[in-house]
């Protein structure tokens, strides 16, 4: 731990309870008097926001991309009377084992006040109980697994778009607005994709439609003609896909050669993005996606995109669809930290319990990827989805 | 002197397998190396072939130093070894094994002639030319090993226990063949457990014991040397 | 002389290429940042100050120089100077050429980042230390040559070769230590020493975890679990010689048995920890036998790929749609409970460390006893030559299945504890890479012995934690270290020895076993 | 020789016979156990076959789920996927056949080949060629561009193969067998991450020349539905057959091939025949690398996506294919690859199970095949070992 | 002593088109030293493989102590008391000599793996006794000093002896030796002959021997069978075989000393 907080050794090695007395002894503000205490920063220290993300392995593009987005948020966040923010992105490989390791590391680091993550649900599930013990609030940009918010955790929140909301609305839209009666439902076998696909399928049947076939594909491949051929044999009017752009684009391309040239493709927020357009080209024309309603191409977003390109040499969104959410999660946390931070005797105190509560009561925070108000269970992005369609090579509003 | 081994020592890790031994082979000679198990006979041959590097001393072939030359280059020079334990390429057919023997020979016609030659010497191999080498009987494998050595057209032939596992009648044939080869101008360094026979056909002999040369001289003299008779001939003599 | 120069040039080219590669992956700024942090700067930013980059460049030069002089202990100083300088210069020229090209990109404002991502203009400027291009290149080359000269000086003054040789040839101090240790606990006062030793160990084991803090407890807990896994796989691969690549499947079976029986979702069975653990161990062993039965005739790599397939089958089934209702699908299972012992619930990392230490001790005990018995020898015989082992009266099928079953049981044990400690398990935990990690750890540590397995587990699971500082260079470094370790110590960090048997003294019945060095 | 009178055996007695017949009864039980082992395989065979027949009956006759058009599509898809697997598997098998070593980094060598192909096409696309309308090198001389891309890809991968062997495997020639495997795994991890850091983790699209557009192909009408036979797929398939035939001739007929086989069987004796073992092994890696490079470029052309992880899954699959066919056996690799491809694409449909389980299916087939033919489909049968 | 320990009844083994062993019958009396000789490729090793269970004969049966061996696995056969050595040495070459012999003891041990873990009294006793025995067998073949050497590093002759020690570990009543003196010099061959003889004399182990060295064969055999092209062409006492025309023609030739004389004459002339 590089943070030179005086209480660092105590907090790092002892159970968190021991932190209670320390700040009080140092003449700290009253807010630090509870069981979780405060994170204390000397002059020149950096306030760290953690992020557990897959930085290596097959899913590294998500971790790298989201952390890059969050990095920009840190420099945009400014300072609290001279104390600046920094992102500490650690590799959790996207797995529970890594998630718990990173969480334990963060929990032992007194300079980490909040975590913008984790990125994958497995890692998040394993990390949650650890943060719970030490009072580090989480704000995940992308962990969408529904039960995460059902376990009664006080620290876990997410700005990821809720699957239930997105799925039910998408099914209604497909059945009612698009008038599709026979649909095939595909997903990539991930908790996100499958979760969404299951919701859509159930709602679609409830609406009165027929799900002609449900199939899971193996992610990471680039030839899905076999699955698509069997899907084609059921002559669906549309295909719903829960998953990400990498596979979604391949599906769209290969639909044209497998007898599905007349079926509509309906994706989700995971398949939305510029990348989908470049990868599908003419094949992508008419493909749908459902996204969290954003202020489309607001000035802030354009600024961000430019900064991202300048800094990382890539168009924002070309590595994953969650860049902006990554920015939002980190930025929202920094903003919340600013709310609760107290400066006294040349030190900065961040009361942990107050921060946990403050994140949970985030309200009407306008980010790049939506406007967030956290519910009591930690769901912060519950707006109705917006439906978009590719028209003349660009995403346009479908309603 | 076609081959001159000068004061070489060879180690396997900590084990000294050869300690300062020297021997020579003259043009057209048969020289026998005899000695108990583990005396270092095979080690000597492997050193000449370049498979092992001596820690001291040198090996000379026709006057030039070949101590650090690679095994394949040594083969190209015409020094061919028929290794101990046959070392047949088990999954290659008899024919392919022979073809490997002629690996360094460029001329197809020469190879063809040599085929005829070895098939004539070992008709059994001709019968079995498409059988995988690994399924041959022990003795058949030994024939193949020798035949494979001949395919290269050696100038110096290093034979490591060529009579091992052969039936008595074949042993006779093998020794006949060795002499025949020798007559066509190939110098032969012969390692044998069958010391009696080896010394019988050899011009000169060396006796190795735990990595040292303990006796050397004319083959006939060695045959009558009481030490040799007791230790290596099992008390048996030819007279 | 000529060969010396040629060798040095070759070294220079090799390391020049390595340095170019490092720059193209921005390893220089990464190291620069670390140097800055070491020197006390708390927030060095994305691109470190020029002095740190210069320091990095000198370090690179030092590396070139050391490498050029390795294995050249007995050269005269002049020759060393020549060799070091040549190598340094050659690599400096190569790096200079790269920087020249980078300057071209900078000056002509070419956007090349689609091909090579890191080459942003800022980065190029930083690599040139913020100086003018010409000056930057000169400084770079100078720094590299300076580094290599430093290496020459170091080489002359100190004996760097000794360090390398130590690493390569003998970790003999470890062996000496062990010998001393053995003598102590078997010698005259062995009882006293044993009591003292055990109490010290017990005190250490009980109190140290309390001091570590939860992060290191977590890390060492994981290491401990991998020791158990390593011992299990050692029985299968190291002793009985069956190359199993899907070993983590048994771990998954243990973990899922624990999860399904003990967690509220999806079945709400709420078994206790201990019965669930026991059942997990048994099921893992059983699945080892079931996997073994049809493939007993397979050898070597055929076995490897089949078991790899088995691992994948288990993983895919766990997350598949068909079994979602039963296994929780891709979401995995949460809220797995810890054990109760003497009325105290286990819920912190520290508690689990004790549990894991107990597991490691149990596994080591079983492993050790088996290895030194008839069973262990039967396995070794199978490993060496299955056909002959069989003809010598070893029921090879029985013993191979036994090895699979016991090895799998170890994995089941580790899996159960793991799931309970993390309170979560999901299908992607049990992917191929995890199996490969276990296999690597037993080979890196030294196959077939307990200390090797422990050291291997520390290396394989501890090293990536230490390498965390390297961020996304972490696995790159890890891969390189894996290759390096194999090249420099192919027998593993602690090579196995064949036990030495003395003829038993029939009167006292005392049996002694000592170790003799042996390369397998 | 020592005095043997104190030896454990009962001298001159018939006790031996006694104890032996006593144990004989017990051993008879063991015998029955082994009989069970022997019956296991036929039973397994019958059960599995019956199940497959039953499922096929259900899918094909009872439900008639898919028509001829679908089956044709599935077959085409399977053959193409299989062709790619074969191409990678050949490289695996070649190295395995010589060093008995699983070159775990083969998939990564292929990945670098794929990047080389990708970048070549990009570069060709940038080079302008005047004309009406103005075009670029890629589309003006597509055949040349493709050949060049292959050459570049194969050179890059061959060089990598060469250095991989030299740095990571050669020093381990005498080490225990698993050691080079771990070294290979380390190399594989290293190369993956090196590519990720060099080229960024982004997924890239390969720009094909227009004549080889992805998705375009010959159209066959079956059951009134258009079945497309994609150009890229056919290209892939033909290329892998050509490379296989060429390689087979090389290994079976050429002197290098014979040296390779001899080296595989016994390095020391091969050296005694005049074979340069080091250079033979180097050349093997160069050839295997070149094949991986070709596979990589091919992968880019047909599948379109290139990223740092692209070699991993095909690498595993290809290895499976090589084993299925009998590892070390070139035609075996081809057969294994094609079979695997077909099982993956047609298997789930034919048996009426989820496509998600296609890998389960292929590994089950692998286990099943190896249960009956322990050395793969075309591997030599080790029925009775000569001792 | 007169009962037949092993009966080979009409055994044939065919490889592809090649009949390696053709309808061979052998009756081998308990306690005898029985040699099988014949030209290279006659089928001797193949016959051994059929007896010891490596090959399943295409025709015929092998009865061991009245029990049919057909189709039994080699480990079962070994536990019945039939051990062998190999023409091409097959030791566990990375294990020490003593460990090799310990493995040879496997069929007589009863210790189960559970007992191994718990180290019950029985298992400790058994471990100890098997170690004692192994050392005695090593002593017997003269390899006591090599007990803790790696088997693969031993000299060739020592490896052959070690194979015998390993085979003896299971207290066999029948021992098959495939060319035990191959690669040994005459002196060592004499020692080996004495060793084989003492095995029979002291421990009543029946021995079947394949050998090309006629000194050995004629010196110690009670009875000899001759194979040629898979067929048994002759059998009888050593003296009978030595003078059998057909055997001399197919196999024996003029004999070692006579041969040597022949060459020496050639050389002199």
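A, B, C, D and E label the chains in the order they appear, each numbered from 1.
Here is the rule we use: a contact is a pair of C-beta atoms (placed from the backbone, for glycine too) under 8 Å apart; a residue touches a chain by one contact, two chains touch by 3 or more.
It should be emphasised that the depicted structure is a prediction, and the values quoted were computed from it without experimental measurement.
Colleague: Identify the chains adjacent to both chain A and chain C in the sense defined at the top.
Modeller: Expected: D.
Colleague: What is the touch distance from chain A to chain D, in steps?
Modeller: 1
Colleague: For chain B, which other chain has the most distant CA centre?
Modeller: Centroid comparison gives A as the farthest chain from chain B.
Colleague: Looking at B-D and C-E, which one has the bigger number of contacting C-beta pairs?
Modeller: Answer by contact count: C-E.
Colleague: Mind checking the centre-to-centre distance between chain A and chain B? Centres are C-alpha means, answer in whole Å.
Modeller: The computed centroid separation for chain A versus chain B comes out at 75 Å.
Colleague: Measuring centre to centre with CA averages, how many angstrom lie between chain C and chain E?
Modeller: That gives a centre separation of 47 Å.
Colleague: Using mean C-alpha positions as chain centres, tell me how far chain B is from chain E in Å, no decimals.
Modeller: Those two chain centres are 28 Å apart.
Colleague: Where the CA atoms of chain A average out and where those of chain E average out, how many Å apart are those spots?
Modeller: Computed from C-alpha means, the inter-chain centre distance equals 73 Å.
Colleague: Of all residues in chain C, which are in touch with two or more distinct other chains?
Modeller: Within chain C, residues 114, 117-118, 320-321, 387-388, 391, 395, 472, 475, 520 contact more than one other chain.
Colleague: Mind pulling the residue numbers of chain B that touch at least two other chains?
Modeller: In chain B, 135 touch at least two other chains.
Colleague: Spell out, as numbers or ranges, the residues of chain E touching 2 or more other chains.
Modeller: Where chain E meets two or more other chains at a single residue, that happens at 45, 54, 73, 75, 79, 86-88, 90, 132.
Colleague: For chain E, which residues are in contact with chain C within the complex?
Modeller: 52-54, 73-75, 77-79, 83-84, 86, 90, 92-96, 98-99, 102-104, 106-107, 109, 111, 113, 116-119, 123, 126-128, 130-132, 135, 147-148, 150, 166-167, 169-170
Colleague: In the complex of these two chains, what residues of chain C are touching chain D?
Modeller: Result: residues 21, 24-27, 114-118, 237, 243, 293-302, 304-306, 308-310, 312-313, 316-317, 320-322, 387-388, 391, 395, 397, 432, 436, 439-440, 443-444, 447, 472-473, 475-476, 478-487, 490-491, 520 of chain C touch chain D.
Colleague: Note which residues of chain A are touching chain D in the complex, please.
Modeller: 56-58, 60-61, 64-65, 189, 215-218, 220-223, 225-227, 229-230, 232-233, 246, 250, 253-254, 256-259, 275, 278-279, 283, 313-314, 318-319
Colleague: Once bound in the complex, which stretches of chain D touch chain C?
Modeller: So the residues of chain D in touch with chain C come to 30, 34, 37, 40-41, 44, 96, 100, 102, 119, 122, 167-168, 171-172, 175-176, 178-183, 185-194, 196-200, 316, 319-320, 323, 327, 353-354, 356-357, 359-360, 362-364, 366-367, 370-371, 374-376, 385, 387.
Colleague: Quick check: in the complex, which residue numbers of chain E touch chain B?
Modeller: Touching chain B: residues 15, 37-42, 45, 87-88, 153-158, 179, 182-190, 212, 214-215, 250-257, 259-261, 263-264, 266-267 of chain E.
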